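Each of the next two complexes has subunit A plus one other chain: subunit B in the first, subunit C in the second.
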Partner chain A sequence: MSKYAPKKNQLTREFLEKPSPLKGDYADREWWEMPVEFRDGNWCHSAKPEVLKEIGFANPRKWAAPDEDWQLPEGWEKTIHDGLKERLKKFRSLKLYLDACVRCGACADKCHFFLGTGDPKNMPVIRAELLRSVYRNDFPMVEKILKGFSGSRKLTKEVIKEWHMYFYQCTECRRCSVFCPLGIDTAEITMVARELLNLIGVNNNWILAPVANCNRTGNHLGIEPHTFVQNIESLVDDIEDLTGVKVNPTFNRKGAEVLFITPSGDVFGDPGVYTMMGYMLLFEHIGLDYTISTYASEGGNFGLFTTNDMMKKLNAKMYHEAERLKVKWMLGGECGHMWRVVHQYMNTMNGPADFLEEPVSPVTGTKFTNARATKMVHIAEFTADLIHNGKLKLDPRRNDHLRTTFHDSCNVARGMGMFEEPRYILNSVCNSFNEMPEDTIRERTFCCGSGSGINAEEFMEMRMRGGFPRANAVRSVRKSHRVNSLVTICAIDRATLPSLMRYWNPGVTVYGLHELVGNALVMQGEKKRTEDLRENPMAGTEEGDDAE
Partner chain B sequence: MTNNWKEAPSINRSAVLERWMAAGLGLFPERMTPGSPAGEALADAMATLVDHFAEDGEERREGLERLTRIFAVQSMPPSKSLSLFGTLGDILAGFVAGSGEREAMRRHLERLTLEAFDCFMENRERIYRLKVEESRSQMHMLLRRAVS
Partner chain C sequence: MKKVFLPLIWVALLSCIPYVGVAYFGMSYIFGVVIPYLAALLFIGGFSWRIYDWLSRPVPFCITTTCGQEKSLDWIAHQKLESPATKWQAALRVMTEVLFFRSLFRNTKAELHTGPQLAYASSKWLWMGGLAFHWSLLVIGLRHARFFFMEPPLFIRLVERTDRFFELTLPAFYMTDALVLTAITFLVFRRLRDAKLRIISLQTDFFPLFLIGAIALVGMSMRYVEKVDVMAVKAQMMNLLSFSFAAPVEIGPFFYVHLFLASVLAVYFPFSKLMHAGAIFLSPTRNLANNSREKRHVNPWNKPIKFRTYAEYEDEYREKMKKAGLPVEKD
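Right, the complex of A and B next:
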């Protein structure tokens, strides 16, 4: 049992004697007087000192959220104050979001963490107030004069603990922003709050360890180039065993037409590797002239969950490699937050990439004008175009053992507005696709509950609560349509939704979209396909039936 | 009032559910609203249990599973979560006439509570298994190579 687990007498005191909002104990008090309590399952481990030293981050030390003393650095209040001042100047959106909120509450019941926990501080409006209340105390002149009347409060160690608790119970999914009549993006407030916390060494190891790995090796998992290649070659062997087709990925090849970049989870983790196999089958099927970089070996970017500067640094390798390898354009794999970085920030952060060309599909001739600025195309757009132009030979019956539904990944749906392409592909590669309820999909999609770097094991209970609204929506189609497969286009989803499903909806398996594409592709020279990419029997083939 | 404890939940279904649901929502340390996904799932599980209260079949087990799955990831201890069955007994006692019938119902509720405890612990164990499985999935290729 963890040393932080509460003792029996502590629990008795906590649940029977402590003040509770339900008993009206806080009826006449301010919201910030509600206590913050760290207990097993609701906090993530802090970053290890060696991780912080490696990336030059502040205040390396051993500490944990339940500790009384967080060993904040000397002058931490000034560091936060100056940090906020600097960011108010740097990010006009932040100042706008802090000033514009009228507390209408339209966002209040839209957050999956609020819906899963019932904790009022998980209402986006209150989450933003955590920072806004300090801002009001220290910045706008009128409100400085009206201290005590404007919802302002002083920055204290307790406030820092509250920030750490609740800005790491926000997955930056932006569902709340869809419903805000003023367009306030609470995710950006969370991003800035996390930046400020990093200035004083209040952090999360699940985020910063991958950041350090990526900084060192080019990918979150810290895979060295030779291991990266070995893993992919091992998947090539698997594909040959299953299909009889030898696919031929190349690495760091100068002069290739396309540089393909995908999250490292696709190369290392289960079930991401099956999606990687799907990509390689697709590229072989159309004869794409592509290469994979062992340096830009990560599509994801945990810098997004850390600091603006770190995001920029980790992202820079994409354009660097594209330039070094002299490719024409870039193709990106299935990922969520990678696409928020690529679509919304990359061009202005590390561009313009004048050395690249406007992406054109070598197979269909389609110009991806939407990617004119970034020079990077999403794999779902690329594949949907191939299908639309009849360039893929597909047998959707090969996925008849799967009854699917589709989870819109937050960053792809709300961050870049992609809704139709994955559905178009899914409808082309399988015969059973069922939508979840309308208010839980597309721009209103519910988060997996583990995005933005909080998919730590020690946070499992909170993840199950935060992911409950999504699981509940899956349950409804499981009941009504006997759905057994949840398809997604995000590497974090592929890593975290399996746990969410095993807990709330046993019997529902998580798949990447291109894994299903790989199952359905009829490859030239293939042997009789009887198993899908996971080596599970395809429908109708158990007794030797021909799937084709 | 009824002379048969097995009929009490169905005859007084809406009154029993209303009071039991209020008690269930009241267990959460934070404010949980009835219309939220968690609140609705709770109501659904409780309704299943009330509808199949006296039976010993799959539906009742399913109701227990779903109810305890919700509570097993909350911050309250099992004793607090399972006190809900004591509350159900108090509510139903008001609708059952005769001490013999009430005693029979109490014994039935005891069995139900112990069964719920088993479900609760299975869900807790599932959480720990998920942590292990997630670690293994992240290291899938490494483990595969080590095995081969």
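Right, the complex of A and C next:
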């Protein structure tokens, strides 16, 4: 296990012994009197100076969160004040959500970080108060007079440290906003707070390094074009070895019907690569005329966790490349925050995409009217339509070695509203699908605990705490239904849930949905399939035991 | 607990001011005419300004919080309220929030058991208490119309009749009087008892509860205990409504306490969290349709941005791309 996380039994003991408002223990002081303490496992490395220089961000220097002096730039207070003022003008959501909270507490125990830490400042309402208290001190006139009364305070270096701590213990998952009677979305506040912190060089290398990479090479991992192609070709070879079928992806090809974009984690990361193999098998199966770009080779967008402008800048490549390649429409792979951006931001920021056509499935003729303007279809929508129209030859028994449950990723759930398609697909490609408890799925799904760019190794303790509610829900279906496979439609989940499962639920493996599709697809001209895409034996096929 | 007692003291002080002023200094003109007019002016002006101020800020992105299946393929059931696809569906969604506190209905209470095992117990108390509180306030507000009209509209008379359904006492007891006091008591006690709420709460959270509680108590005492002359009150209110600055006739000091506290509430309203009454209609996570892929949402401050173009990318990697057999634009 990581040296940045305590042993599981140590953490478990702490859950039970340490007093916390989650368990009904009264705090002995007000939240603003509680100190901020950086220790191993609860802070991420700060961005390297060269990364900041590359993307033109403020205050490049060497520093770390536990340092006494953060070397804030001259006049940082003014930078934050002006920055907040500007954003209050640009975002009604920010102003409204700072003004309107009635502190009813409905959101308090809805945040996975509060559930995993018991730290009062992780209650969404207090997370927002961290900024709200400063805003109140400076902005609405009347409340300024009534200082102690409305809980306002001055902006100090300590407050900046506190912001850095708690706005990076929020994964912008929006679970709180589902429960808030006023619809207050703490993620909106976190996004702005992170923008403000970036203005004075208080930042996170795990987010900004991928941002710089993505800007330069087209993807977070910084993979250059030739390596990108090589890696996919090696997956093509693996597919041929396993199935006897040769799939034929093309790259940067002009005039293809569809441009396919997925997070680079699917091309390089384990277990994402198996999902990538699933996509390619699917496309081969239906003879899709598609191409993959090495330039727009990242579906994800860590700009979303940085600043609005950066999100826009990285996202601009998608339409730019679609226009250059003269494709008709775009298809997007499995990813959470990528889909938040594509669904709710892309067309607004970088559209209109008049050079594309309304997406139509070439196999079924279905018009994806819900993507009429953005012209990008989610792979789960696409596949569900194929299955519904009987266009796929599937043998769900090939996934009989897996007893699955499904994790709704936050962004797809609460920032897009796609719940049924993945379930429909999963039910079509496997025989054992078991839902986790209803308070932990669909719009109430719990974050993996590492979203929004905090899946750094050195942040392991917080990740294991933040992911605890999710892991706990998986554990309950593991107990009741012997579930051994956690299926996701998110590249960050695929990267982070394996360590979460190793920590809390050893024996549960993480899969992408289209990996299971790839297992179940009966390909034309395939050889006898005895192993799944991970080369694990399929049930009933060991030792020449012929199914049926 | 400073944050509980201070607001309580504030409300007590505020109640004494008009009592002393009217009973000992004969300032009924100030408390019966000047202050109510000022308060009404500040309330209307402040409320409108706050709404205007919110409306004048753009909603750059379509950030609906989706709590149900989006509209997608024909054969997949679309959840129209949880993930509205049109403006009308979104409007309906907002109305269910306003009238029934729909999101609050989802509320659960997380519990950490040994194991460690998290459990989520259904917890509808806040929803019930909140609804009882707000609906009672609304009914009480409507009932007050009888002081402002010679002949109150039929609808209001019906509301009043229903509210008086249990004719147990004389004068008839209003259900909402009991409800609002119970609800306020509950809302205050949950802030004190629940460890999470105790740390969340600020003075400005206790103050309106105490203030509204005091208004209600004084109001009720005028009805059931220290009875005031209703016809005199009515004459005074109609006076005010007809923009007359005539001096009020003699009414007991309790009435002035009631009227003054209500004036304080009116002034406090636009500058405090009570503005949630307006905000709930404007909340972008609830009042936007989840149709951002179907219809382009326009951001008024969107401006072109310099990004790394394909040409720049190819310039850097051309040789490597050619070696890998990738097509290039320029040789």
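One rule holds in what follows: the second predicted complex is superposed on the first by the 515 of 548 C-alpha atoms of A that agree within 3 Å, B and C clash if a C-alpha of one lies under 4 Å from a C-alpha of the other, contacts with A are read in each partner's own complex, and residues count from 1 in each chain.
In the analysis below, a residue touches a chain if its C-beta (ideal position, glycine included) is under 8 Å from a C-beta of that chain, and two chains touch if they have at least 3 such contacts.
From a predicted model like this one, the values you see are computed outputs, not experimental measurements.
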Once both complexes are superposed via subunit A, do subunit B and subunit C end up clashing or fitting? clash
Across subunit A, the partner (subunit B or subunit C) reaching more residues is C
According to the stated criteria, A:Asn231 is in contact with first (subunit B), second (subunit C), both, or neither; which is it? first
On the A-aligned overlay, A:Arg414 touches which partner chain: subunit B = first, subunit C = second, or both, or neither? second
First, second, both or neither for A:Pro120, with subunit B first and subunit C second: both
In the overlaid three-chain picture, which partner chain does A:Lys161 touch, first (subunit B) or second (subunit C), both, or neither? neither
Considering only touches as defined above, state whether A:Tyr295 meets subunit B (first), subunit C (second), both or neither. second
According to the stated criteria, A:Asp109 is in contact with first (subunit B), second (subunit C), both, or neither; which is it? both
Looking at A:His45 after the superposition, I want to know if it touches subunit B, subunit C, both of them or none. Which is it: first, second, both, neither? neither
If we overlay the two complexes on their shared chain A, which of subunit B and subunit C does A:Asn472 touch? Say first, second, both or neither. both
After the superposition on A, what does A:Ala495 contact: first (subunit B), second (subunit C), both or neither? first
On subunit A, positions contacted by subunit B and by subunit C: 15, 21-22, 109, 115, 118, 120, 230, 468-469, 472
Using the touch rule from the top, collect the residues of subunit B that touch subunit A in their complex. 26, 28-33, 36-38, 40-41, 69, 73-77, 80, 123, 126-127, 130-131, 133-142, 144-145
For a test of understanding, state which residues of subunit A touch subunit C in their complex under the given definition. 12, 15-16, 21-27, 30-31, 88-93, 95-96, 99-106, 108-110, 115, 118, 120, 123, 125-126, 129, 140, 142-143, 146, 148-151, 174, 177-185, 188, 215-216, 218, 224-226, 229-230, 251-254, 294-295, 309, 312-314, 316-317, 320-321, 324, 342-345, 347-349, 351-352, 366, 368-374, 376, 381, 384-385, 388, 413-421, 424, 437, 439-440, 442-444, 468-469, 472-473, 476
Can you name the residues of subunit A that touch subunit B in the complex? 11, 15, 20-22, 37, 39, 41-42, 109, 115-120, 221, 230-231, 234, 265, 267-271, 273, 457-458, 460-462, 464-465, 468-469, 472, 495-496, 498-499, 502-504
Please give the residue numbers of subunit C that touch subunit A in the complex, ascending. 6, 50, 53-55, 57-73, 75-77, 79, 82-83, 85, 97, 101, 103-104, 106-110, 112, 114, 116-118, 120, 126, 130, 194-205, 207, 271-273, 275-276, 279-280, 282-286, 290-299, 301-302, 305-310, 313-314, 316-317, 320-321, 323-327
